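Think of it as A, B, C and D in the order they're written, each chain with its own count starting at 1.
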């Protein structure tokens, strides 16, 4: 459906020129539409940008092009069924989204998860995080005009996808999580393949620094661009690498450990710059931390059940349950209001991308249009995650 | 020994002995025209394929490998496809300028071919101000780009064209300075004489470090002038979708595409002529034996080898570096390249006057 | 800061607050009139609730409301705010009950900037009007869309899949 | 001082750019690293893992018998209404009426390969197949009947 692009005056008194949508006589502003189909938005995000020359005056995101009302859909799905829908939100960290749902249901049922299942979940979650950051790294470099890193990132990501395919049965939307554990046991080849992957990854990760991180053009493009202060990051609810790039301690894995995250050693990466380069560094360093977690766990997978015994039809007791996990993009929350039935009465997904997007206008004012690509790249927006 | 010079001379001799001089001149022009157009088509096909293959190898891919053996007919098939396509003209566009723009870009590229020496004695027009002619004509193509951007009636196109304008105008300065430094060393503007002056060695090696600096600046500046990554702001796809040629389709788009590659060839040919001796084989001082062996390799092979090496260098840049931002692009030129090349020109003049070069 | 301390602080500041400690986190129910000043207090005073990590709404149509005895008559919409403090790390849930037929509440987008988008979403999907919101328009649905999809009585005969 | 800074800036710029070019250049001269899979050509060698979920199939043995009792557990487990089970009543030798499967209707176009139906099946009658080339010219071709014509319930499966 066609939607009028309207510029609404908020703080800055920018003249609205929706009809003209072009060259306003006063002030010389130029309004351009980035998206819904645009190479840099990585999905159907529509940004209405008011430009003065090449300087951004105001960005207005228009959402909803991929809004499926998943929250409403989940109200008619049973507790076993709705987990798979959340893979379709942040499809790059599908496994971690499923994890949050499973955790929330288990909280309601007060289920005890077998230790083997916990370790499997964390291993898969960290592999997903690496895969997601790999894709982000390639796409970010591609947004800034370097095409080659994309292929190098996909080489490693493909290996993870193969591991996922072998154990979970699918490459992207795994649906490996069930309330009480995981769907199948690990594939016999899993440990060997993950070790091979770690070896491959460690031999290639230095190339990433040579090719992009230390590249002077890349540093100039990202340093000091899109600065988000610590206070603003908290106020905008920015989490994940965006929040940590601004110096906010917000890693749920550290603050509210779930599964076995309190038993493994890893560092919460915090950069204090608040600019695009800090956000970039957080993600690149997190890659190494995820590998560290996997290295600790891969040889110590406890024997035992991979799934707790559950009833065929799950019923949550009356009440409210909230679970928080750290996806590749930030804090993902599942809020279930149960009335005691077999389906949730109301379910709310707190998606990290939604809050991170709300900071976009604030941090990109006064930047050049080329900077917008660096900012959007480091915000790492996944549009279905925002629209839900 | 095989030489293109003999062929051209015999053709000219035959033409002038068979027809009257006017007729012979016209015949020559027609032959040159067909040669240039043929060269354009071949170069376009070869360079696009080369770019795709180079990119693929750097990106751990195979690249085109379906049409013809090893995919060598891929670009031919693409060209056929583009010819079949409908050339759309947007509703709000300035129709005349919109359709004129690709031809301006193309014609500008064709004109620069005139003074380039492809092999010994194989040159369309050995004008005595060859280098000056090249620098002058190469700035015409920006008019085509501005025209395309403005006439498209598209905001992305306009932004791309304006960026391109600013970029080409500023980078011409340092490209010009690098060219002048070779003119200073060789003491001539004529292409054939510049090449002849490198009989005892290429200027890149004979001119000490200042010549190398001039060469590096020249490569950076021409990369920018041809709108190639990392300076492809005019068509920065993640920002401006396709920049100034967003609205073009079919053969009109193909002309822009072709002109981009022809321009790369031309600037690399100029770079090879000025710094690497054009068709002149690799001669080292007075090593007679070595020089004689080098002379056995045909001059056209030397020229093409050098040119394609430079083209490969520019492709290598494209597939390695991220894109600059528009203000960084200009500050790179005005804060770094221009001061350095001015200072460098001073040094080169000193070297030339004192005769310090080898 | 423990749950009890937090409860004491809130009870001191707002005697009318209703607590509910059955869940994982402390729940506070406040009146819509007191909400704006309470929010200011939460953010700026002892509790330092600077991070609003979830903002949503729950629809209780008359039938459901009667069953749970949470509201009288015409049903209710409950605004749910999840806060935490980056200093104390103790989550707090604040609920504000609104009239279902005329839902209106003061915006908190000036206090927590993330609320601007979240409130637009709630306005879009539930029809809650946020007073003094800087830019209250539909967020995900088209401007001419009728109805509020996340309300329980919303039926879309075309797109809804009922199992 | 300024000049020194200027020169070191230029030096670091060039050094960082050359480092990047070394990386791409090293791949250029090592064609062994190419990872392209030429998909339709390598179909014979391509082996998907046995857990890969391509589509739901019903296993039939040599006697054209399957294990589906028509209990509709899969239909209930499916989140997208992908499966529709039509049952009929068979007359058992004892003369009693018994519910049995008539048609197992499977909408591949609605399926998200979530595996919940396979997990739910009490008799392991259905499973996931490793096929993945599902593209067809018409959507109606994606509507499948999983039980073969004339097939019947394997003896001993309850």
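One rule holds in what follows: contacts are C-beta pairs under 8 Å (C-beta built on N, C-alpha and C of every residue); 3 or more make two chains touch, one makes a residue touch a chain.
Not measured: the values here are computed from a predicted model.
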item	value
Pair joined by the larger number of C-beta contacts - A-C, A-B	A-C
Farthest chain relative to subunit C (centres taken as mean CA coordinates)	B
Inter-chain centre distance, subunit C versus subunit D - centres from mean C-alpha coordinates, in Å	41
Between subunit A and subunit C, centroid-to-centroid distance (C-alpha), Å	25
Distance from the mean Cα position of subunit C to that of subunit B, given in whole angstrom	65
Intercentroid distance (Cα basis), subunit B paired with subunit A, Å	45
Junction residues of subunit A, two or more chains touched	77, 148, 155, 211-212, 215, 217
Multi-chain contact sites of subunit B, meaning residues that touch two or more partners	58-61, 319-321
Where subunit C touches two or more other chains at once, by residue number	161, 163
Residues on subunit B engaged by subunit A in the complex (per definition of touch)	55, 58-61, 155-156, 159, 229-230, 232-233, 236-239, 241, 319-328
Complex contacts: residues of subunit B adjacent to subunit D	54, 57-62, 65, 316-317, 319-321, 336, 340
Residue ranges of subunit A in contact with subunit C within the complex	1, 3-4, 8, 10-11, 63-64, 67, 69, 71-73, 76-77, 107, 231-232, 234-237, 239, 248-250, 255, 319-322, 324, 331, 333, 335, 337, 339, 345-346, 348, 350, 354-355, 357-359, 362, 387
Subunit D residues touching subunit A - in the complex, by the definition given at the top	12-13, 16-17, 19-20, 22-24, 35, 48-49, 51-53, 77-79, 112-116, 119-120, 128
Subunit B contact footprint on subunit A (complex, rising order)	22, 30, 32, 38-40, 54, 141-148, 150-152, 155, 211-212, 215, 217-218, 220-221, 368-373
